Structures are given as C-alpha cells and as structure tokens.
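Next come two complexes, and both contain subunit A; in the first it sits with subunit B, in the second with subunit C.
Moving on to the complex of A and B:
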C-alpha cells in the first residue's frame, strides 16, 4: 500500500514568536490519502491550501511534521528525489524546448535513453489528445493545450503522487469543464494518487473521491462531497460550501427554537440540550407542499430573484434574517419581488451544528 | 499626423550622420594624406604611408591580439562572477543588499583612476604589474557592473516557479541551471558580454598604469601618436580600432541572432509538419 500520509505538518510565519497563538500559516495537518485516490484541498484563497501542497512537495520547508508514502519517510528527501509530480496554475512549459522534449524532461532527468523517452512522451501526448503536436513549441499552443502538455509531462515519469495547484483556474469556464473530464479519465486510467488544490467547489465536487475543506490555516473537515454538503461540522465549512441559511438557536428536550423566534421545530435526532446552529440547504426550501406534516413554515418577503440555469435563486427576508432558496420555474411563477412568501422546509432535511 | 514621425526620422538620421559618420571623414582623409596643413580644405598630396606603417608593423597585430585576448578573458571572468552574484542577490534575502549592489556598481560612478592607484600598489607587491593577468584583473572593475546589471535584470524576469517545476520533474541543481536558468539568462549574458568586450577594448588609463607599457593593447599603441606624434598614423590606428570594435559587436550580435534563428528555424520546420 502506497498511501500518502501527512503527519502533523505545520508552517509558521517567519517573523512571529514561536509560541504565539497566531503565528501559524498552517496549523498541524494530519491526513491519509489512499493510493489511487483523488483528494482535493478546498478553501478560499489564503487558507493555507497551497502552503500545504508545497510542504508535501518539499518546495517549502515545514516547521514540523512528516510526509510518508507507504513505509518510506520522505520528510528529509529533496523534492527532486521524491518522485512526486506537480502541475501549477501556469503550464510552465520550457519555452526553448519542443513539446516532446518538454514531456520527456522528467525521463531525461532519470537518464532514460532518448528513443525510449521520446516514445513515452509521444504515447503520453496521445493520451491527452495532442498527438502530432510533439515538434511544436509551447508558444504555438493555446492555454488549454499547454495545460494538457503540463499534465502529460507530470504523468510521463509515473509519479507516486500527482500534486495539482489550481491547474485550471486560468482557463475559461468551458475549457475548465473539458479539462476536468480529461483529468478524471486519465486519473482513473493511470490510477495515480492525486492531491488537488482548488477554490472552486464545483471543480472539487466533480472530481474528488474525498475533499478536505480548509479555512484559517487549518483543516476544517474531511469527507466526500455529499458528507460535506449535507453534514457540515462547522459554520465555516457550511458557508464556504454555499449553505448560507444559518440560524442560531437553542435545542431543549428535542425541540429547536431560533433566537429570533423565526422557527420552532421538532428535532428528529437525539441531540443533547444546548446552543445550536440550524443549517437549511437552499434546495430544501419549497413554496408549496401537499403534505405539510413534519414541515416548518417560514414567512418572509422576497427581496431578490435571479434566474440561473433553469432555476430561480431567491433572497427572502424572514424576520431579521436573509434566507436563500432555489425554486423551479413553475414554483417561481407565483412569486414576485416585494411580495410575501411562505416557505416550507422538511425537518428531516435540516442539519444542526453545535455552537 | 503622419508627417510627424517621418520628420522625426529625418531629424534622427541627420543627427546620426553628423555625430557618427562625419567624424570618420577627417580620420579617413588624414590617414590617406601627406602633409595636410591649414588652410587646405582637402589634402593636396595623397599617400598610403600611414597605412603601410600600421599594417606592416608587427606590434599592431600583436596589440590587436592582446586587446581581444584580454577582452575575452575579462568577459569570461565577468560571466562566472556575475551569474552567481546576481543569483544570490536576487533569489535570497540578503541583508544589506544595497551595500553589495553599491560595491559592484561603484566603478561606474567613481573615476577608475582612484581605484587603480590603490590596485597598482597592491599589484606591485604581488608582482602582478606588467603582466596580462594583472591587466585582466584590473579590467574587471569597470566592466563587471555592466555584466552584473544585465544578468540581474534577466534574473528578475525569471520566476522561481520554473525552477520549482523542473525540481518536481526530478531535476537536481545542475540540470536545473543548464536546462532552465541558463537559456533564460543567455540574451542578458550576451548583452552584458558585448558591453564588457567594448569597455575592456577601450581602456587606456588602467592598462597603462597596471601594464606599465609592457602590456601593449591597441589604445596603448595608439595614444603616443595622438598626443603629438603623427596624426596620419594616429588616424589609421583609430580607424583600425573602430573596425575591430564594430566587428566584435557584430559577431556577438550575430551569435545572439543565430541562437534565436535556430529556435525559429526549428519552429518553422515544425509548422511545416502540421497535420
């Protein structure tokens, strides 16, 4: 088993005192990534995800912690000897080398003979759909093609782990979706372990087996896309994933009451008494419900209506709180800005986070 | 609106003509004349005497050889010094970086005479005066700043991401330098080398003091004729010097162009293979 294990890796700001609480760029991270897994680090910019990636790569020196692959400790191995590969945001193809030579570079460094490495390079270029481009120079290729070459170059030397630092964020949206599909296909084909950094939730959700949400220089939660979206552990994770309907309140004897008295509902999970946040997914809010048992009604006034991709997203003011919900076209037909609206939510679909 | 640039280019052409081409005319005339005196506008008698002297004197070609040899070695040493220095100053957080830069750039600002007097004393003790090695070492001071500046600017435009990328592909320090850094620095190095060669070729005072007349470069040979010797021979030497300097520039420029053309040629070739 060649799992990638990150054991308590941390990075501090250079200038700060070592024992100070706010001196962390990255708080100790502990992660185990299975061989062949597609694992994403998701978080807003400045949350430490690229720092973690560079620590794993060895391009940054950690202030503590270890990196293991299988039973090999790579902490003190220089990056060029770790047999990791990395794709950056820019393609970083060597401008004075042909595409073929660029792709073969990793094998050249491993002292593989020229005919052999060029053959391997051509084969890999075929995999990324660029056969016949081998003798061109990087500046003759489009941005998407360059990034595909960068992917081929990273994979040709059969790396143990492929690290990717927002590789598609410089591409336009249509191309990004195309690249996602390509990457997904190639990752399954080569069964390579991928550690992927992104700030784009859709990208992380579409590609990953598991996702780690990062924020404020630490790991917030690790899980599959569905686990994260339906059962976030903290309000930071919830709001980063687009769950902005967060109501503070108290649970007492299986009954939740929000502090602004907007919602009172029965809790159908055994939760101890105390202060909680109630999270309502925007999709869980509906305007009409034939069977209203087990549903809670929220009254509000529509503030904003926006059309996007076959759905309407609404901003509703309920009490002092703004609620976001997504409605189908037929539901939205009876709704207008400035009008009152009744929203229903199934109590089975809400999620509670302890304060 | 359209006439403006044309007007300007005409102006520029006249300026270049007056300041660059015209000074060569009396030089050529003097070198080919015999007893050209005031108030004659053009020489009355012509002669190849000066050129015969210059071309046939063995010292001339020896001086040309030594001048170029010194310029070449100085430039090579400059490259070896400037690349690591620029690397260190641009890539690492060096404390008192401005001080290092000030020291390297000082010879441009401070007259060379001042430093050479000190160098002379030291070289006397070390027995380096009157040797080519001593002259080479003394030439480094006024030429290194130009080489350093050119390489430094090349380094500024090279993001460390490139080296990180090469590292992640398994390249150690040496392959990283030769495959990634050097190709990027090459145009800068060549620009610095052109300046270094030209400045080394034109040194008189430093060569004179350190070489003490034993290391005869072209300016050393030329000077006595200018300062009251024979204006005809001085003119011939000046022209020879100009030709050599221009040739050196052209050769280096051609080398750089060939480097780019090589890339371009293979690019065009690949365009032909396009499916």
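Moving on to the complex of A and C:
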C-alpha cells in the first residue's frame, strides 16, 4: 500500500523581531493518509495548513519529522524527485507554452517522448472537458478553464500524491461547485491520493473522505465530515465548523445544568461528573415537537431572521446566550423578530465536550 | 485649426533642423556617392564609385572584418549579458534578506562610461606595454612584455571585441533583467513539483521567456557595432579597417576624387543597417505576439 505518512513534521518561522521568539510555529503533525483517499486540511487562514502542504511537497524544509510514501522515506528527497503533483490557488500555467505543452510539462521532465506525452496531455484535457483547447495559450482561457488545465497538468504524470492548495478559492461560487464535482469525479476515476487544503467548510465536506481540522499551527481533530460536525472534540473545532451554540455547564450524576441556568437536561451517555460544554447543532433546534419527551425546551426572543436558500437562519436570545437555529419556511411563518419563541432540542442530538 | 496645428508649429524649428541636417546630409552623401560633385566639376550621376568599391579588395576585406567584429562582439555581449542577468535573477532569489542592489549597481556601471573612454581603458590595460602585460611580466608569468599577445590594434580586432563585450554585456543584462523579474516566483515551485531541476527550469522557463528580449538586444548591438566608428578607429589597425573607418580614411585621403567612394561606403553601411533594422523589427514583432503576458 502506498499510504502517505507524515510523521511529526514541524516547522518554526523565525520572527522578524529577534526579541519575539518563533512568531509562528507548526507543531509536530502526525497523519496517515490512505492510498486513494481524499484528505482535506481544513482551517482558518494562517493556521499552518499551506505550510504543512509545502513541507509534504518538499518546497519548504522541515525542522523535524519525516514524510513516507509506502515504505519509501521521502524526507530528504528533493521535490523534483518525489513524483508528487500540485495545484495552486492560481493556475500558474507557463504563459509561453500552449495548453498541451503545459499539461505535458511533468511528462517532459520525466523524459517521456513527445508523441506519447502529447497524446497523454490530450487525453487528460478531454477528461477535464477541454478537448480541442490544446493549441491555445493560457491567456486565451477563462480562470476556471485555466484551473482545469492546472488539474490536468497535475494528473497527467500519474502522481503518487496530488497536493492541492485552495485550488478553487479564486473562482466564483458557481464555478467552484462545478470544479468540485469535476475533481470528485476525476479523483474517484484515477484513484489518486489527494491532500487538499481549504478554509471552506462546505468544500471540505463535499469532497473529503476524511478531514483534519487545523488551528493555531496544530492538528485539532481528524475524522469524517459527519464525525467532526456531530462529535467535535474541542470548542475550537466546533466553532470553526459553525457550531456556535456552545453552553458551559456542569454534569453531575448524569444531569447537565448550564451555568446560566438556561438548560437542565438528562445526559443520555455515560459521562463522568465535571465541567462540560454542551454543543447544540443549529439544525437540531425545532420550534414545535409533537412528542416532547426526551426534549429540552429553550425559551427565548427572536433577535434576527435571515433568509438563505430555502431556509431561515434565526438568532435567538435565551437568557444571556445567543442561540442560532435553522427553520423551514413553514416553521418560520409563525415567527417574527422581537417575539418570544420556544425551541426544542432532542437530548439525543446534543453533544458534550469536556472543559 | 490653430489649436490643432500649434504643437506642430512649435516643433517645426527643431524638426526642421533635424530633417535638414540628417536627411540633408544623407541626401548630399547619396548624390556625391553617385558622382555628383560640382566642386571638382562633376555634375553627372553614375555608379562609378560603387563599381570601383565593389571590385576593390580592400572593401571586401573591410566588410568581412566589420561583419566578424560585429558578430563576435554581439555574440560575446549576448552570452555574458545573459549569464549576468540569470546570475542576478538567482542572486535576487537567494538573497532575500540582504539587498543584492550593490551587484545591480556594479553591473550598471559600464553603461555610464562612454565608448571612447572604454576604448582608452582597454588600450591602457591590454596593449603590449599596458597594465596587464606589465603586471604579468612583473610576477613572472611572461618573460617580457613583448610576449604578451597582441590584443590591441591587432588585425583580428580582439581589442574592439573586448571593448564592445565589456560595454554591451551590461546593456543586454539590463534589457533582460526586467523580463526575468516577471517570472513568477511560484513558477519555480511549480516546475520543481513537476520534476524540473535548476537546469531544466532555466531551459524550459527562463530561456524561452527571455529569448525575445535577448534576440532584440543582440540585434541592437550588432547593428550598433556594425556602424560604430570611434572604438575601431582607436583600437583597430590601418589595414584592414572596419567600414566606417575605411570610409573615413578614403574621405581624408587627400584627393577629392576618392570622396564619392567614401560616401558610397557610408551609403552601403546605411543600407545594411536599415536592412538589419527591418529584420530585427520583423522578428521583434513576431516574438512580441508571445501569448500570456497580458
């Protein structure tokens, strides 16, 4: 198996001012990415995800740690010999080469003969939906098309690992969705291992088999999209994933009480006594519930209502806490800003994080 | 009407002087090269001067020498200039913290020195009784300063070629550097990820990107060295001499009868220069259609 293994990779950047020690630091990262897996590094800007990607590519020199593919140690192998490929935020096509020559660049570097590499390039261009564009120059293509060429260039040399650094962030939203679908289809078709960097949750969720959430220069949590969203391990991960209904409180003998006395509920999982955060997903909050057993009621006042894509997002003030919830249009019809509202949540759907 | 033509009218005195002196001079030279020379009583137009010139051995030797010196000078300048530009480019990359400005300035220095001064410097340095020769003799590399090879006022024209190489290489570097600095820093990363080492990067990206400017710069040097006078006059030998010097020799030979020939040399020089200029223009236009620099 040609798994990609990152073993305790770390990087320190010296700060410009000598007084301050290590202005930024990527703490040792340990990851194993399976062959053919689509793995995303998700995190806010400046969290170290691009640094990690460049360390894996060999474009940055690590201050420690190793990179392995299968049983080959690539730590001291220069990037040009790693047989990786990369797609960057900009397409970075060579303007003096035609599209075909751009795509065939990696193969040319591998000393593949001209007829063969051009044939491969044309084939790959067809896969990304650009057949017939081969003899044009990059500036004759739109941004989305250029990024497809960059994808074709990365895939044509049959790389061991495809590294992608926010490849769609410079595209407009419609195109981004289209590119996601294309990438997803092609990744499955070629069974290529992908390490994908993004700050866009939806993008990571839509594409990835597994996701690593990064923050403050370290790995926060690794898991599938559902695991991360439903069972975040820290409040940092929870809030980055958009779970902002976080209530501090105490669990005693299987019973949770929030610090502001807003919620008291039975805990339906065996958790030791102590201080906890209760996480309530916005979708888990409902306005009506026919069967109210096992549900907690939260009373509040609607502060804000926003319409987005067939749903209403509500901001509700309950005690001193603001809660976010999502309502269908029919549910929202009975609600108005400034009016009191009753929200119900199934205790099975809440999640607890130890403080 | 007045507002539209005012700028032209204001330019008229300067333009008139230029047109009169430049085109007037050329036209006068052209007429005289065709044998129209009232001072010695000739008012007929003929091709006798050209005829004599093209059948003379001295002219062909001079033309060969001129072409050889121009070709070697521009080739040498082009190669040195390109190496300097690439070196500065990688230096810039490697020295992100300390400023490489000192190096840039150093390579700009020759641009500020006139050709004539450079010619004298080369003479002082490289003639047999010159600075380099004396130093080599003093440290015992050569027994006598007469053992130093004849590099100045030599029949091959090495002195001229050295002068031009020293003067024009920085010009080539100056033309190339801005082009190279347009090379995206990330292209190096891209090419590395896709398997290109340093040399392949230079061959696949750096060279093609700088090729158009490089060719144009080399053409400019060729055309310039082909028709320049002062350096070969200072550093060349009396025979064979380059075309501009040959023309000067004919013109000042003492007999007015040689003057049509001297001016015919100039006309041929001008014709070849214009032809080369057109070729350079054609190629620069072709290369400037390079895509993707938008």
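Heads up, the rule we're going with is that the second predicted complex is superposed on the first by the 345 of 355 C-alpha atoms of A that agree within 3 Å, B and C clash if a C-alpha of one lies under 4 Å from a C-alpha of the other, contacts with A are read in each partner's own complex, and residues count from 1 in each chain.
Criterion: a residue touches a chain if its C-beta (ideal position, glycine included) is under 8 Å from a C-beta of that chain, and two chains touch if they have at least 3 such contacts.
Remember, predicted model here, so these are calculated numbers, not experimental data.
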Fit-or-clash call for subunit B and subunit C when the two complexes are aligned on subunit A: clash
Partner chain(s) touched by A:86 [first = subunit B, second = subunit C, both, neither]: both
Contacts of A:135 with subunit B and subunit C, given as first, second, both or neither: first
Which superposed partner A:157 touches (first subunit B, second subunit C, both, neither): both
Which superposed partner A:275 touches (first subunit B, second subunit C, both, neither): neither
Subunit B and subunit C contact sites that coincide on subunit A, given as residue numbers: 57, 59, 78-81, 83-86, 88, 90, 92, 94, 96-97, 105-106, 109-110, 137, 140, 153, 157, 163
Residues of subunit B defined as touching subunit A within the complex: 161-162, 164-172, 175, 179-180, 183, 263, 266-267, 269-271, 273-275
Subunit B-facing residues of subunit A, complex: 57, 59, 78-81, 83-86, 88, 90, 92, 94, 96-98, 105-106, 109-110, 132, 135-137, 140, 153-154, 157, 163
Touching residues (chain side subunit A, partner subunit C) in the complex: 57-59, 78-86, 88, 90, 92-97, 105-106, 108-110, 137-140, 153, 157, 163
Of all residues in subunit C, those that touch subunit A in their complex: 184, 186-187, 189-197, 200, 204-205, 208-209, 290-294
